[in-house]
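This is the structure I want to talk about, given as structure tokens.
Going by the order they are written in, the chains are A, B, C, D, E and F; count residues from 1 in each one.
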Amino acid sequence: MSKLRQDNRQNHEFRQVKITRNCNIWAEGSVLIEFGRTKVFCTASVSDKVPSFIKEQKLEQGWVTAEYSMLPRATATRNSRDGRKCSISGRTMEIQRLIGRALRNAVDLSKMPNLAINIDCDVIQADGGTRTTSINGACIALYDACQYLVEKGLVAENPFKEFIAAISIGIDDNELLCDLDYAEDSNIGADCNVVMTESQQIIEFQLSGEKQSFGKQALDGVYDLGVQATQQIIALQKESVGLK
Amino acid sequence: MSKLRQDNRQNHEFRQVKITRNCNIWAEGSVLIEFGRTKVFCTASVSDKVPSFIKEQKLEQGWVTAEYSMLPRATATRNSRDGRKCSISGRTMEIQRLIGRALRNAVDLSKMPNLAINIDCDVIQADGGTRTTSINGACIALYDACQYLVEKGLVAENPFKEFIAAISIGIDDNELLCDLDYAEDSNIGADCNVVMTESQQIIEFQLSGEKQSFGKQALDGVYDLGVQATQQIIALQKESVGLK
Amino acid sequence: MSKLRQDNRQNHEFRQVKITRNCNIWAEGSVLIEFGRTKVFCTASVSDKVPSFIKEQKLEQGWVTAEYSMLPRATATRNSRDGRKCSISGRTMEIQRLIGRALRNAVDLSKMPNLAINIDCDVIQADGGTRTTSINGACIALYDACQYLVEKGLVAENPFKEFIAAISIGIDDNELLCDLDYAEDSNIGADCNVVMTESQQIIEFQLSGEKQSFGKQALDGVYDLGVQATQQIIALQKESVGLK
Amino acid sequence: MSKLRQDNRQNHEFRQVKITRNCNIWAEGSVLIEFGRTKVFCTASVSDKVPSFIKEQKLEQGWVTAEYSMLPRATATRNSRDGRKCSISGRTMEIQRLIGRALRNAVDLSKMPNLAINIDCDVIQADGGTRTTSINGACIALYDACQYLVEKGLVAENPFKEFIAAISIGIDDNELLCDLDYAEDSNIGADCNVVMTESQQIIEFQLSGEKQSFGKQALDGVYDLGVQATQQIIALQKESVGLK
Amino acid sequence: MSKLRQDNRQNHEFRQVKITRNCNIWAEGSVLIEFGRTKVFCTASVSDKVPSFIKEQKLEQGWVTAEYSMLPRATATRNSRDGRKCSISGRTMEIQRLIGRALRNAVDLSKMPNLAINIDCDVIQADGGTRTTSINGACIALYDACQYLVEKGLVAENPFKEFIAAISIGIDDNELLCDLDYAEDSNIGADCNVVMTESQQIIEFQLSGEKQSFGKQALDGVYDLGVQATQQIIALQKESVGLK
Amino acid sequence: MSKLRQDNRQNHEFRQVKITRNCNIWAEGSVLIEFGRTKVFCTASVSDKVPSFIKEQKLEQGWVTAEYSMLPRATATRNSRDGRKCSISGRTMEIQRLIGRALRNAVDLSKMPNLAINIDCDVIQADGGTRTTSINGACIALYDACQYLVEKGLVAENPFKEFIAAISIGIDDNELLCDLDYAEDSNIGADCNVVMTESQQIIEFQLSGEKQSFGKQALDGVYDLGVQATQQIIALQKESVGLK
């Protein structure tokens, strides 16, 4: 076990997961998801406000997009409220683009023409892995919103294709650590985020070594651990919605 | 009972209150407060970042300030994320100024020199009364942050003076309705917000009749109902922190 | 007489009022109003630019809205120009929302369908009471703009209902001071703003005790003084437009 | 007389000028200036807030800068309030840079080390020529602010060098029109602004032909008319402050 | 020769000019223009996005507009990237308005109804005279874009009227210096920019004396030198496009 | 060869590369780099403006950061100028963060204490691969800026560690395409960007499948092709600076 890991988890284990569906009375899909002490409040909102490029090009499709934000005191020291100073941080931008891109793989956009689903991921409490936790929770909210579309007769066929899940993996010298918490993340050499489908296909595979570069062996290890963790998370997602 | 009231509450009753302290592991004070279906997440963050006027004028005092925000899907239809478009709405401004002003009455600022307490009120779910619910929850978080100041030896004496509570009251023709929910608020003629201390002193008394003006009798009624409701809420606040 | 009052006014007296109508050649209504040394330039501009919610909901009504601003050197020391730095101050927001809300009580919006009246209150010189002075002047400009609507045949019936007036009242221990100037306002414990109709109905009643809380007796006193002052001001407003 | 000129003025005449000094109780210099129906409220505010380049380069000098703005209803149709939408218009920028540059020629900046004079020109009512009217009024406010510096002992020597004046001149085919009003300006081929000193030196000479280009003869004519008009205006400026 | 001139040029000479057409594969017109070490990349982009006033007033015309920007390291020390901080500098505003205004004189807007040409002038390297160099290069790009309109049959007749050229001229005591480089510009008393047509008509004539005022003789000298330089530059422009 | 590839390149080949050093007279390092028709202008600017976290934490290190921008007409249709509307696009944010992160791997920040190098990558013409081309050019400019630090005696030891290079790789069904141009990129299923060091270590490895997910085989293929291409590019970088 890595010397960085303080909580008795094996290197390949992710933290305790807790999923609470329907945590919001208004949204068409809503989930409070927890990975250890990281808590993210995810809502999926259905509307007919598709982006202008869909209207202009008269595309027969819908859209899924995401916004991500942290409450000011989600972190150990208070951050100034994102967006209050006339700009969103680059980090926030990057994360919400990743979430949106990943979730668009979970649905068949052509089956929800002229419908938009807005995903909001608000981090209530942060302890590492907020972007992957967001994706994992948001996918369930998206599933529920798609059910809503079916129930309300807004679509001919359910646009939801399959569950997707995300996991962060750290590379510390030769060890791989699954689902980094904040203390681990601060001390790790390289940080990876993997998003995969239920059918074990890769959607996003991002490895970034700011303090430490790495070789092919690490790449292979991240893949293997990514497959294993995302499949387990997808099982939890499906269980939470009563599948299988 | 007013025809506007749909939930079997008497006109003078406020909704079921639920207070969950320490809902955040990082903040010096934190409370999840619920008035019926309205849920606000309140944190109090201690720092030494006092406003510049205190430094410039070399005042021997601290400061308490507040920020208020609603999650995009806190409401029945999704709102665009506050602050993302380079400006905060006037409503948000107005509310967070009220919260800060009210809470500064709960402490003796001269007993916390060069210390700032930032209150964040994030509305997780809105069903009317978010500003009064925010004040009621934030006051408890502030109490806990003041305890923290004492425990850490950052102050010579506890700056917390007394609890304060807020209530919204609607005027519908000749009836007064305590603690409006969203459906009531949308149909009411005039809307009032009262903030009072444990010693029954008024801190804020705001009556605003956009659809209906009102006379002295209504003013007196709002005062009486305000006293009664705020004293009951203060009892709940004190109970939540183990006082009395 | 309060020790705070330096200008030989009795506590219940407001300052000398001067009203100059038609101070602008372009606006449909315009008034330069002075309460002592406080001078506000008010214009009412008629247009067909009603807010989008009126169009979207196809409401058969018009709208009245207000903007408030201070010239940079309206005050003893120069302020940076409001709005030049990408945001309006919370104080400005709060005031212009109050002005707009108050003035909408002076008209019957259903009698001016698809018409908007924009009120601009620009403080040329500030010496306390700028928001109440703004309301008092703007109401006359609004009256004139409504006359214009009638004369031009843009409305079937005059939408102006009745005059409204506003007054600020300070609470200094047990004394109530009417129409605070800047020096008084800076030293007062609690600050109130009352807006009433000609028929003595309350439209806005805002009491705020940042330095000092207060009891029912003060509330009653503010009401009584508010009635008396607003009725006198309404008499001056009517006189200025040649009524009675 | 040009067919564009509707008010019986000769082509070389400027409009009736009215100068009201000390129109503001707070500012170190203040002037309400009127050229016909164009009215500009000018204040000069003394402070020690010199720009950072003066401090960084440790220059032994002061600074004069200007801001220009129009009230929303200064014009025939209401404009949206400048600066409220996160940017100042290019026109406003251009004008306030011109005013500041021109006025810095009226003083010896080295005689007011570490002192700043902020000029604010707020157009109360616009009927053409607001930038030249602003310069003409602001120069008097600047004169008064320099007197203030001397009286308060803030400078060893009066930094005011000489009066400067500005005039707009239109070119309509072969005719030159002095001091265009709005109706003339809208129909003119080319528009010029000239700023000159009491000693007949040119400070700014801006000719711009958007609809019509012009030759050397027009250039000479503008110069001659510019000299004549600015000398007359300077006489009025000096008279207003009791010189000569 | 002026003591300010370090590069063996006579006072009336402009720097070596280099014009590279079609420097961009996408734009309808593109020119890299160099005046000595000043390099500006100019593109002309054709679209149907005419300004709203043309649509609203149903004018039978097109529009030409310009944007100007400097790369951060175009200058000796790096500037922060224009526009990244929520506002464009006044200098940038002023320059791009000048460029647009000047270029609209080169075309007959009525011959390009509902067509817009956007000029972009990006300063790759700055060594004085960036605004005049921009105009000189942009006019060629505009010529090429007009050719494109003809070739594509988007216009009935070529809207290009005649070439225009710009030159900066400095006034140093009694000497006039043509086409200032950065070192000269920093030490000059007064700075002029002249824009003229092929037919020797003046379009813009801007003289500005921040450090030094000037008399009629200088005005005449600037005119003469302006005529001479712009005619020579126009010859180079025409040569570059194969005319004459 | 893939049906997407139109220019006779083999799937594993990158486009013709052209490197022009010292393309700017002011910057401490500057490179114009071309990959086919994609042209990026890169400058490296040395200053002592390190980020505040370095000063606050008194770290003995320097910093390298990057900004990325596209000229408005770098693309087939004109884009609005980035940053002019009060915000930078998410795409721009993401790219400039990647460039900065990658380049910090090329230097030893502890060897350049209190020194900052600002990299500016301005895309003059875009035809796919602008982010990878930017990294490849910027690394050479960074090398030159480090040489400058040594020559000027600003560092004790050269902070440059080793060259890094970036390549984009597309996944089209079972084929991998190296260095996508714009036409290819628009039609590809999944898009990857790989950044590697001269010692064949991975710095960034980003695979993103918006239209198509992919398996382990593709991952391995991207790695192999990434190694091959980056090593060849590094050879070109070194050649350009006269190494080997």
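Operating definition for what follows: contacts are C-beta pairs under 8 Å (C-beta built on N, C-alpha and C of every residue); 3 or more make two chains touch, one makes a residue touch a chain.
Each chain and its UniProt protein: A, B, C, D, E, F = Ribonuclease PH.
Please read these numbers as outputs of a predicted model, since none were measured by experiment.
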item	value
Contact-pair overlap exceeding half with E-F, pair selected from C-D, D-E or B-C	C-D
Between subunit F and subunit C, distance of the C-alpha-averaged centres to the nearest whole Å	59
Computed distance of Cα centres, subunit B from subunit A, in Å	33
Geometric centre distance via CA averages, subunit F-subunit A, whole Å	28
Gap in Å, rounded to a whole number, between the CA centres of subunit E and subunit A	51
For subunit A, residues contacting two or more additional chains	86-88
Chain order around the ring, beginning at subunit B and proceeding next to subunit C	B, C, D, E, F, A
Partner subunit E, residues of subunit F touching it in the complex	24-27, 30, 37, 41, 43, 45, 47, 67, 69, 71-78, 81-84, 86, 88, 118, 120, 122, 124-125, 127
Residue ranges of subunit F in contact with subunit A within the complex	86-88, 90-91, 93-94, 96-97, 101, 104-105, 197, 199-210, 213-216, 218-219, 223
